[in-house]
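Same chain, two partners: chain A is paired with chain B first, then with chain C.
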Partner chain A sequence: MLKIFVLIKQVPKTDNLQINLKTGALIRNKIDNIINPDDIFALEFALTIREKYGGVITAMTMGPSQAESSLREALAMGIDHVIHISDPIFSYSDTLQTTLVLKETFEKIKSYDVIITGSVTLDSGTGQVPYQLSEALQIPLITDIFIFEFEKDKFKCQRNFGHESQDIEVNLPVIIRIGKHFNKPRHIPLSGIKKAFEKKIEIMDFNLLNCPDEIDGCNKSPTQVIKTDKLVHKRKNEFIKGSIKEKIQRIFDIMKEHGIEKRWMQKK
Partner chain B sequence: MDFELSEKHRLVRRSVRTFAEDILGPLAPIMDREAKFSWEAAKELAKINAWGLQIPEKYGGADLDSISYAITIEEISRICAATALTISVHNSVGAYPIYKFGTEEQKEKFLPDITSGKKIAAFAWTEPNAGSDAGAIESLAIEDGDVFILNGSKIFVTNGGIASTVLIGAKYQTEKGEKGYVAFILDKNMKGFEVGENEDKLGIRGSSTTSLYFHDIRIPKENILGNLNDGFKIGMQALDVGRIGIAAQAIGIAQAAYEHSVNYSKGRIQFNKPISRFQGISFKLAEMATKIDSARLLLFRTAFLKDKGVPFSKETAMSKYYASQIAREIAQEAIQIHGGYGYMKDLPVERYYRDAKVTELYEGTNEIMKFIISREILRGNL
Partner chain C sequence: MDNLKDYKDIWVFTEIKDHEEVNNCALEILGKAREIADELNQELVAIVLAYEAEKYLSIITEYGVDKIIYISHLDLKHYHEQFFTNLIYELIEKYKPSIFLFPSTEASNALSARLAYRCRTGLVNSVLNLELGGEKGDDLLLTDKPAYGGNVSVKIICPKTRPQMCTITTGIFKKKELKKENVEIIEENYHSDKSKIKIKIIGAPTRKDKPTALLSDAKFVIGGGQGIGSKENFEKLYILADYTNGQVGGTRRPILNGWMPEHLQIGISGESIKPNLYLALGISGAIQHVVGITDSDTIIAINTDPNASIFKTSDYCVIGDAKEIVDGLLKLLEKD
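Our next item is the complex of A and B:
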C-alpha cells in the first residue's frame, strides 16, 4: 500500500492583505487563512493516486496553531491523516530551516513512498522546499509530470515542458512537485466536514522530533525577511484632446514611450 | 456566548462558496433566462452531498447541524436563489419530515435515493382554495381496505416538475378539525399521479413550480407518514424547518445584492468621485449591512434553538419574515444604486429583485408569519 504524503502550507488570503506598517509583518488573523492554492492541486493528485492504486494519504503542514484549520480542510477533502508540525522555535523559518524540520519529520516517520508538493506558495513565492527536501532526504524529485503510473516500487511518468517530453522512471520513494492546474481539484463534500472535525490531529514539535540544535527558525534561518510592503499599482489616466490627427499622434507617442509601438507594427 | 462562527462553520461557508461560484455561477443566468432547472447542477450538487444536508450518514446524508444548513443555503442562494430554493425545499420539507416522522422501513426505503440526489423531493400542501388557510385543503383520502384512495390537486408545488418523491397532505374523511389530516409519501410513478405545466414565474425561474393532480391514486398504507391523524402537525412542523431555509435563501440574495452595490458604487464615478462617497449612496450601504447582519444573527439563533431541541416556531417565523423583507428592500435599493444599469438584464441585480420578492410569499406569507409571532407573544411566549 502506497504511503503518500502531501506538504501543504496555510497562507493568508491575498484579496485583503493587511500589513503592520511599523513592523512590516503581515497581520494574520484566523479568519482569512486558506490552503496555499497550488497545494490544492497536490492534494487532488494524492486523492487521484489513492483512487487508482490504493494507499494512505497524510497531509502535513508546518505552522502556528491556526494552521490546524487548513489540515481540517484537507481532511474534509478526503485525506486520511494529518500531521501538524508546530513549535514556537520553528517560527520565522526560511525555506532551508523548514526543509531541515521536514527532514527530521520524515526521518521519524521512516516509511514513505511518495511526497507530493505544490509549486510555490502564495505568500512567499520561493518554491524551494521540494528541491531542498529532495537533497536533504537524498531521494529523487520529479517536476512537470504529465502522464504517470505506479508499478510495484517504481514510479514512471512523462514530463512535459516547452517543446519536449521525457519518459522517466524512478524507484520509490520520490518527491513529486505538481504544477499549477495539473488537475481539477474536487469540491469539498459536506459529508467530509463533520468527519474532518472528529479526527485527531497529530502534533509534532521540537522535542518529539528530537531536533538537533541547528534547528532554530528565528536565529538560524540564512534568509531573513527585512520588510514586507504592499505593492500599489496606480493607474494613470490621460484625456487626449485636440483634432483627430493630434489625438492619433499623441497615442503613437505614448506607445513609443512604452516601447509597444514596434511590437504593434510587427503584428500589423 | 460567542458570536463568531466556529472553524467548522467557516469551512462550510468557504467550501460551499467556492462550489457555488465555480459551478452555479455560470449556470445561474442561463437557468433564469431559460426558466429551466439544471440537471447538470443537480449532478454537481450531489457530489458535495447537498441533497442530504441534515440526514445522518447512515442514510447517505452529510449530517450537518442547522447553522451549517443555513450557511449552505445562504451561500448557494448568493449565487443562484433558484437552486437554493430547490435544495432547501428538498432538504427541509422533503427529506427532513421522512427522517423525523418516518418509520425505520420508510427511512431505509426512501432516504438513500433522496440524499444521493437520485430522487428529488417535494412537499405539496397548498391548493387553489387553501393558501394561508392551510386547514382548508380539499384533497381527500378515503380508506379502502389496505389502501387509501386519493383525489384532489395541489398548486405552486416547488420541485413539482422534477421531484420523484412528493410528501402531500390530504383530508382524511372520518376525522374532524386538526386531527382530520393525513400525510403521504407519494411516488411520481404511482398510477393517477399527474404533473402540471411549469409555472411562468417572476423570479426563481430556474426552479420548477407546477400543479399536481391526483386521480384515484391507490396509496398503500406503508406510505402514510407518521400517524394517520398527524398530517397537519407534520405539515406545520415541516414548514417551521422550511422557513429556516427560506430565511437563509433571502439572506443569500440580500448578500449578493449588497456586495454588487458596494463594488459598483466604489467604481462608478459621477461628479468626479465614486458615488459611494455620496451619503445618499453610502447610507444605503450602511443600511444594507445592518439589515443583513441582523437577519443573519436572528437566523443563526433560530437554527441554534432547533438543534437544542426547544420550540422555535416563533423565531423561525421572525427569521423568515425579517430576512425576506430585508432581501426585497436590499435588492430594490441595489437597483437604485446601479441606476439604469441595474434595471438591465446584463447585470444580475434585477434578478435579485425578482428572486427576492417570492421569499415574502412562500413557506407562509409574511402576514402569516406575523400572525404566528403575535400568537406566540400573546400566549405568553414573550
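Our next item is the complex of A and C:
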C-alpha cells in the first residue's frame, strides 16, 4: 500500500491585500487564509493515486496555529491523516530552514513512498522547497509529468523536461511536483466537512522531531527580509482624448510605432 | 561556513539553451554583474557546462567577463540534475565565489535551489533589482523580489553565508557588449558516478518543440476581459490577432464565460507576458491579472469606466467601448 504524503501551505489570499506601509508588514487581521492554490492540484493528485492504486494519504503543513484550518480542509477533501509541523522556533523560516525541518519530519516518519507538492506558493513564490527536499532526502524529484503509473516499487511516467518529452522510471520513494491545472480538483463533499472535524491533527514540534542545532527558524535562515514595499508599476498614464474615430486612429498609430503591422492573411 | 572574506568574485551561470546557444538572459545578467565586479574590484566569471562547450566561449567573451570556467562532456548536453549539481558544487568549494547569479530558466531554477541547499546558503528568485549595500567594498548584495502575488516588493539580504545566490528573469537587465583583454579560460575535468543515477530514461526522448506562438513570447498581445461583452465580440480579438501576428489572452472572466480557453489566461494563475505592446480591452485591472502584464513594454488600456484600475498600470488610457474600438481597428487594418 502506497504511503502518500502531500505538502501544503496556508497562505494569505492576495486580493485586497493590505500592507502597513510604515512597517511593511501585512495587516494580518484583515486577511483570509487559504490553502495555497497550487497545492490543491497536489491534493487532488494524491486522491487520484489512492483511487487507482490504493494507499494512505497524509497531508502536512508547517505553519502557525491557524494553519490547522487548511489541514481540516484537506481532510474534508478526503485526505486520511494530517500532520501539523508547528513550533514558535520555526517561525519565519526561509526555504532552507523549511527544508531542514521537513527533512527531520520525514526522517521521523521513516517510511514514505510518494511526496507530492504544488509548484509555487502565492506568498513567497520561491518554488525551491521541492528541489531542496530532493537534495535533503536524496530522492529524485519529478516535475511536469503528464502520463504516469506505479508498478510495484517503481514510478514510471512521461514528463516534459526542457524541450524534450521523456519516458522515465524511478524507484520509490519519489517527490512529484504537480503543475498548475494538471487536474480538476474535486469539490468538498458535505459529508467530508463533518468528518474533517472528527479527525485528530498530529502535531510535530521542535522537541518531538529532536531537531539539530542547525534548525533555528529566522535566526539561522540565510536570507533575511529587510524591507517590504508596495510594488508600484510606473506608467505614463496618458489619457487619449478626442472622438472615437480619433482615439482609434491614435491606437492604430501606437501599434505601428511598436512595429505591429498588418500581415498577409490566409483565408480561413 | 568558512570566513566570509575567503569568498570573492561574481559568477554567472551562462546556461546553454537546448545545446544550441547561450541563454540570452545569462548574457543580460553579465552586463549587471560586470558593474558589481567593477565596484568590488573583483573578477566576473562565467560558468559553462555543455557538450562541446568550447564553441560557446567566444560569444561569452563579448560580454565583459574576466574569466570563463568550463566543463565539456557529452553527458552535459542536456541539464542533468545530478551531473550539473555535483560538478558545480565542486567548483564552488574550490573557487569560493561571493556572488552567484543564474538566469531564471527551468534548469537554472532547479540547479540553483539544489546548490543553495548543499552550500546551506540563501537563494533569492526572480530578482527585480540588484545592488551592493553596506560599506564601500563590502560584498553584501541587496536584492529586490516580488512577493504576495506581485503585490509587494521585498528587499532581501544574505549576510552570513556565501555564495549569495539569485535567479533573474529575462528582460530585467540589458545586454552590454564589452570585450576585455586576456580573458582567462580554465577547463575543469568532467567526472561522474553513473551508478548513482536515480532517474532512468527509457527509450529515446522525443524532441518537443514548443508551439510557435507562445503567449509568453508574443510581441503583441491582445487581452480581453468582461467588457468585451459576448463570445461573438471576443471572436473579433482573434481576427485582430490574425491580422497583426498577435496573440489573444485574457483575464479569468472570459474563461468562466466560455469565451476563451483556459491556457490563455494571463496573470497569477496563468501566463506572464512581456510583449512590446499589450492592448487591454475591457479589463478592469484586478491585481491577479496585472501581475502578469507588468513586464510589457507599453500598455494601452481601453475601458468604459474612467476609474478602472487598469488605467493606473497603463501608458495609454482610452475611455471607450472595447468592442467599438476593435471594430474600428479592424476597419483600419482592412484598408491598410
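Just so we're on the same page, the second predicted complex is superposed on the first by the 225 of 268 C-alpha atoms of A that agree within 3 Å, B and C clash if a C-alpha of one lies under 4 Å from a C-alpha of the other, contacts with A are read in each partner's own complex, and residues count from 1 in each chain.
The rule we apply is simple: a residue touches a chain if its C-beta (ideal position, glycine included) is under 8 Å from a C-beta of that chain, and two chains touch if they have at least 3 such contacts.
Nothing here was measured: the structure is a model prediction, and the numbers come from that model.
Participant: Would you check which partner chain A:Glu198 touches, where first means chain B only, second means chain C only, and both and neither mean what they say?
Facilitator: After superposition on chain A, A:Glu198 lies in contact with neither partner.
Participant: Using the touch definition from the top, say if A:Leu190 reaches chain B (first), chain C (second), both or neither.
Facilitator: First partner only.
Participant: Which partner reaches more residues of chain A, chain B or chain C?
Facilitator: Counting residues of chain A touched by each partner, the higher count goes to C.
Participant: Could you say whether A:Pro222 touches chain B, chain C, both of them, or neither, answering first, second, both or neither?
Facilitator: Once the two structures are laid over each other on A, A:Pro222 reaches chain C alone.
Participant: First (chain B), second (chain C), both or neither: which does A:Ala76 touch?
Facilitator: Only chain B; A:Ala76 stays clear of chain C.
Participant: Touching A:Thr14 in the superposition: chain B (first), chain C (second), both, neither?
Facilitator: The second partner, chain C, only.
Participant: Would you sort A:Asp213 into first (chain B), second (chain C), both or neither based on which partner it touches?
Facilitator: Once the two structures are laid over each other on A, A:Asp213 reaches no partner at all.
Participant: Given the touch rule stated above, what does A:Ser165 touch, chain B (first), chain C (second), both, or neither?
Facilitator: Only chain C; A:Ser165 stays clear of chain B.
Participant: Where on chain C is chain A touching in the complex?
Facilitator: Per the touch definition, chain C meets chain A at residues 18, 78-79, 81, 85, 106-107, 109-110, 113-114, 116-118, 120-126, 142, 146-161, 198-203, 205-210, 219-220, 242-246, 262-263, 268-269, 276-277, 279, 286-288, 290, 294, 297-300, 302, 311-320, 324-325, 328-329, 332-333, 336.
Participant: Taking the complex as given, what residues does chain B use to touch chain A?
Facilitator: Interface residues on the chain B side: 7-8, 10-12, 14-16, 18-19, 22-23, 44, 47-50, 52-53, 57, 61-64, 68, 72.
Participant: What does chain A use to touch chain C in their complex?
Facilitator: 12, 14-15, 17, 19, 24, 26, 37, 94-96, 99, 122-128, 131-132, 134-136, 139-143, 156, 160-171, 180-181, 214, 221-231, 233, 235-240, 244-245, 247-252, 254-255, 258-263, 265
Participant: In the complex, go through chain A and note every residue touching chain B.
Facilitator: 30-31, 34, 68-69, 72-73, 76, 186-191, 193-194, 196-197
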